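In this document, chain identifiers A, B and C correspond to the written order of the chains, with residue numbering beginning at 1 in each.
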Amino acid sequence: MLRKLLIVVGIALLAVLPVQAQDAPMLVISLANDPTSLFPPRGADITAGNAASPLYDTLVTYDVDGNIVPELAESWEISEDGTVYTFVLRQGVTFHNGETFNADAVIATWETGSDDSNDYAQDYQVATSVEAVDEYTVQITTDGPKPLFMNQLTGWGIVPPAYIREVGIDAFEQAPVGAGPFRFVERIAGDRIVYEAFEDYWQEGLPLVGGVTFRIIPEPTTRLAAIQTGEIDIANRLSIDEAALLEGSDAVTLVSYPNDRVYYVAFKNIGNGEGSPLLDERVRQALNYAVNRQGIIDGIFGGGASLVDSFIISTNLGHNPEIQPYAYDPERASALLAEAGFADGFAISMGCPTDAYLSINEVCLAVQRDLGAIGIDLTVEFKTSNSFWSEAEYGAVGPMYVDSWSSGTGEALGRLEGALVPGNYYNTWHDDTITDLINQISVTVDRDERAALYSEIQTYMHENPPFIYLYAPQIFEATSASIEGYAPRANEGYDLTNVSKAG
Amino acid sequence: MTDAVLATRKIALMEPSAPSQTQWRKVLRAFLRSPSAMFGVVVLLILVACALFAERIAPFAPTYGDFAASRLPPAWIEGGTWTHPFGTDRLGQDIFTRIVYGARVSLLVGFFGALLASTLGVLLGILAGYFGGWIDTVISAFVNIILSVPYLVLVVVVATIFGRSLLNVILIFGVTGSPVFVRLVRGEVLRLRAQEYVEAARSLGAGSGRIIGAHLLPNLVGPLITVATYEMSAMIFYEAGLSYLGLSVPPEVPSWGNMLQAGQSLLPVLPWIAIFPGLAIALTALAMNFVGDRLRDILDPRVREGSG
Amino acid sequence: MSAYIFRRIFQSLLLILGVLVLVFFMVRLTGDPVALMVSREATNEQREAMRVALGLDRPLIVQFGDYMGGVLTGNLGQSLSLGLPNATLIGQRLPATFELALTSLIVALALSIPLGVLGGMHPGSPVDWLGRTVGLAGQTIHSVWLSMILILIFAVQLRWLPSFGRDGWESLILPTIALSLGSIGQLVRLARSTVLEVRRENFVRTAHAKGMSGQRVAFSHIAPNVAIPLISVIGIGFTYSLGGSVYIESVFSWPGLGSLLSNAIGDSDFPLVQSITIFIALFAITINLVTDILYGVFDPRIRQR
């Protein structure tokens, strides 16, 4: 009765529902949330980066091993002082709207990207001028040496100059145009984003699929079901438990790779951290010894994360493998606390961004439990990430808070600067030694010299921890067996140009 | 849901009757005769016992956990142990323990939410019905506005704004649940006012307070208890819904809603984490509905279920 | 008659005004929407500039005037998290929610009215038992929970139906079941008590006393009097479906207003939360107005009140 009725109702409604054309195989990919914007300077979150990247090509890009390789730039030269970059551009590249790619496109990309209304304007404002030498040569000048400038350029999605100048950024966001392998078809907020293959893409024969549809599926259980049923081809952000469930399935291939993101409990020695027991480095060491991070990794993440010994993870430039993560040693923690004069522990509060990260609530509860075991009465303030991040220096939360910081460049500089250089919006820990080292790294162009500085700061930050170091997660993704050529990157981005789908 | 419940009540409660001493005894006997109601009472008694004596009943402290014992299935499944009869979660916390403590939160939310809603409802209803005029206009406007927004949406929005704490959840349910009671009481006051014996009492010099105390409240005890029972059940239900959206009590509080929420994404993987709180919610709602149905049958003879 | 309709419309307009005032002041009691609009690296000056740009630095009363003006002209402001006008977003999502709410309502009515009416006519019969069981299930099984179980059984295990999204009529089935079960629970009870109520009315007793057969009494006296109050059931069921969609749509990634609202809550996108709440409330008020007017048309007694 019920089924019959439903079918009748269904048929009646069939006429009003959208029907999807299915000529060439379409790649269907799940997104955990709706991207903020498809215009890269406004695509603040990683989902936005993932969703927007098929539309745009960039001057330079990463290969699978993380090296910087040419894309729309064929070659480049960097001046002696490391401030002037000269790019020779590829010829014969057209945008989706038919415009030709040239030096003016790079200028327009920089101009619109630097607009103050953009979340990531500073990634463009790092260049002080962009000038056309001739139609296919462009010269970019930076404000002093910027060792990671080439890495930042991998995020400059090149836009068609005439179009974006004519319609403006707001309209461009709604109908984005690039020179990438896929062109924008439609976006239904909260539901899907549809791209089709760009037939005039400069790389002959690519892309290999007819198009890409991103489907927004916030509920993990539903996402898991959808990859099992073959309704989606690529499911990202799976937990290890979900991945384990898919293991052995013929229909699904699992992909797993380490994520360059460090999770930690931060301390404040400014604002409401002034005068707190955290100022004593023995206390901070004690807290590091007190947390059972291997337990967190095993229990909460089922082994799907790795230990971190500092802010520099093992795949980062300059990581010193001799430094070991803090062991789980409550006795030693208690002894250090007693030595610092806190034999009976103390009471303190810790902010937890309840909606921001995978399983973060459980991590906060685990930290609360472990610190309780050495006599620290920890109040966890669960707050939405909005109220958490709305005040400078995390002003609204206690002298401790849980956070994470990623780095997309293979080096830890981004997260070091953001979290530890005084004056930055989210900085809560002032340590002159750390600040000096970071400032040196940021102007050292030589890679080996930089590596040595990273090792130095790693050692220092291990002994004088401004954080309780927690873990760096493993990312799990699943692709349907009909997919080939899918290669995700540790920097949380991926490239669909060479992905093919059978059937 | 409450809108529909309200409509049910509008019909069911037009003429409430005052149970007298003998009727209360009848109520008790009627209860004993109904297996479903008895089942409901037994379940509720167990829940109350869990809430009051959680420390004695539960084998562990609510936040105690051991990573070495995390992810254990229920005892009767391979790999499980009777130390943790319902298994453990990813933090190694005992699920049975947290179910027992969760009864405390659920009953607190349900009981005080319903108590606040009915108290507020009775006060506002009496004010509106007895004094009429602009007081009635203001109160009725409040009631109508609250009732015009779909209840689930209203609760969610209010909870978003005020943030998560046990007190806030109780306040939200208390305030948003009150219109049902306001309408009930106001209607009854208006009906009473029109009746001759109140007029007579008034002409004999009885004050407002006396009239309300002597005539109105006794008449309303039965219906109020019935509505409050349904309301408690609904609030326990809604608490779980709020938790799903991350809007209920803080995550460290062992409430069934929080447990359900934490376990939901693990349902295909570690199903027991969400199954037990889900069952606890269902069982409680079932028990309260059974009790509520029976109370309504007995206390409101106009809609006696099962009678010809 | 027309006086009654005018009065109801006037009352509805007052209600709408009340809802608008309530929502405006509730949303402004807390939260800092600015934080969401700027990147984590933004400075305090940039934040202040954004606050000024959004008009959040002005006196509350000025903001309220602007807001009312906006609502009247259909300009509901801009979503912070999605960067689109709220009215556009609501317009995009409305058809999906309407479709789901309507199908759920049809299914709920089609099941609950027969079950409830038959149950009320024959209390204690197997049909009554079935109706009460279904009703109880609707009030004891949490809809989010039920949705997950439905996905696991029908999408993952049996592969009969899609697990998410809105692609054709198959994808409508699971969300409809999950959403309608809750209202079925309510509506069965409502229909049943309506029938019981009518059966106790004096005129029905008189008809029985006159020796009319049970069947004839049912058709000539009970049916018309049951049908009229059931009109209001439609409004109640629809309102319920709108509310329940907040949860159901999120689970099934159904691209409607409900999932938009729960995302907006997660993102602390207050302008969008505000707009959706207003819109859903207006929708509910309108539906109830229409059913009330229908009620008045069919039942002259109501108009006297």
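In this section, contacts are C-beta pairs under 8 Å (C-beta built on N, C-alpha and C of every residue); 3 or more make two chains touch, one makes a residue touch a chain.
Note that the coordinates shown come from a computational prediction; the quantities given were computed from them, not determined experimentally.
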{"item": "Chain closest to the middle, measuring from C-alpha centroids that were averaged per chain", "value": "C"}
{"item": "Most remote chain, CA-based centroid, reference being subunit A", "value": "B"}
{"item": "Of A-B and B-C, whichever chain pair has more C-beta contact pairs", "value": "B-C"}
{"item": "Approximate Å spacing (C-alpha centroids) for the pair subunit A, subunit C", "value": "38"}
{"item": "Geometric centre distance via CA averages, subunit B-subunit A, whole Å", "value": "44"}
{"item": "Rounded Å distance, subunit B centre to subunit C centre (Cα mean)", "value": "21"}
{"item": "Two or more partner chains touched - positions in subunit B", "value": "246, 264, 267-268"}
{"item": "Multi-partner residues of subunit A (each touching 2 or more other chains)", "value": "219, 221, 225, 355, 384"}
{"item": "Multi-partner residues of subunit C (each touching 2 or more other chains)", "value": "31, 148, 152, 156, 250, 266, 268"}
{"item": "Touching residues on subunit A, where the partner in the complex is subunit C", "value": "2, 5-7, 9-11, 13-14, 16-20, 33-34, 36-37, 42, 44, 116, 119-120, 122, 170, 173-174, 188-192, 215-219, 221-222, 225-226, 228-229, 231, 355, 384, 386-387, 389-392, 418, 424-426"}
{"item": "Touch list for subunit B against partner subunit A, complex", "value": "63-65, 67-68, 70-71, 90-92, 164, 246, 250-252, 262, 264-270"}
{"item": "Footprint of subunit A on subunit C - complex, ascending", "value": "31-32, 34-36, 38-44, 46, 81-84, 89, 92-93, 95-96, 99, 103, 106-107, 110-111, 148, 151-152, 155-156, 159, 162-170, 172-173, 176-177, 250-253, 255, 259-260, 263, 266-268"}
{"item": "Touching residues (chain side subunit B, partner subunit C) in the complex", "value": "1, 3-5, 7-8, 11-12, 141, 144-145, 148-153, 156-158, 160-163, 233, 237, 240-241, 244-247, 260, 264, 267-268, 274, 278, 281-283, 285-286, 289, 302-303, 305-308"}
{"item": "Residue numbers on subunit C that touch subunit B, as the complex places them", "value": "11, 14-15, 18-19, 22-23, 26-27, 29-31, 123-124, 136, 139-145, 148, 152, 156, 182-183, 186-187, 189-190, 193-194, 196-197, 200, 229, 232-233, 236-237, 239-240, 242-244, 246-247, 250, 261-262, 265-266, 268, 273, 277, 280-281, 284-285, 288"}
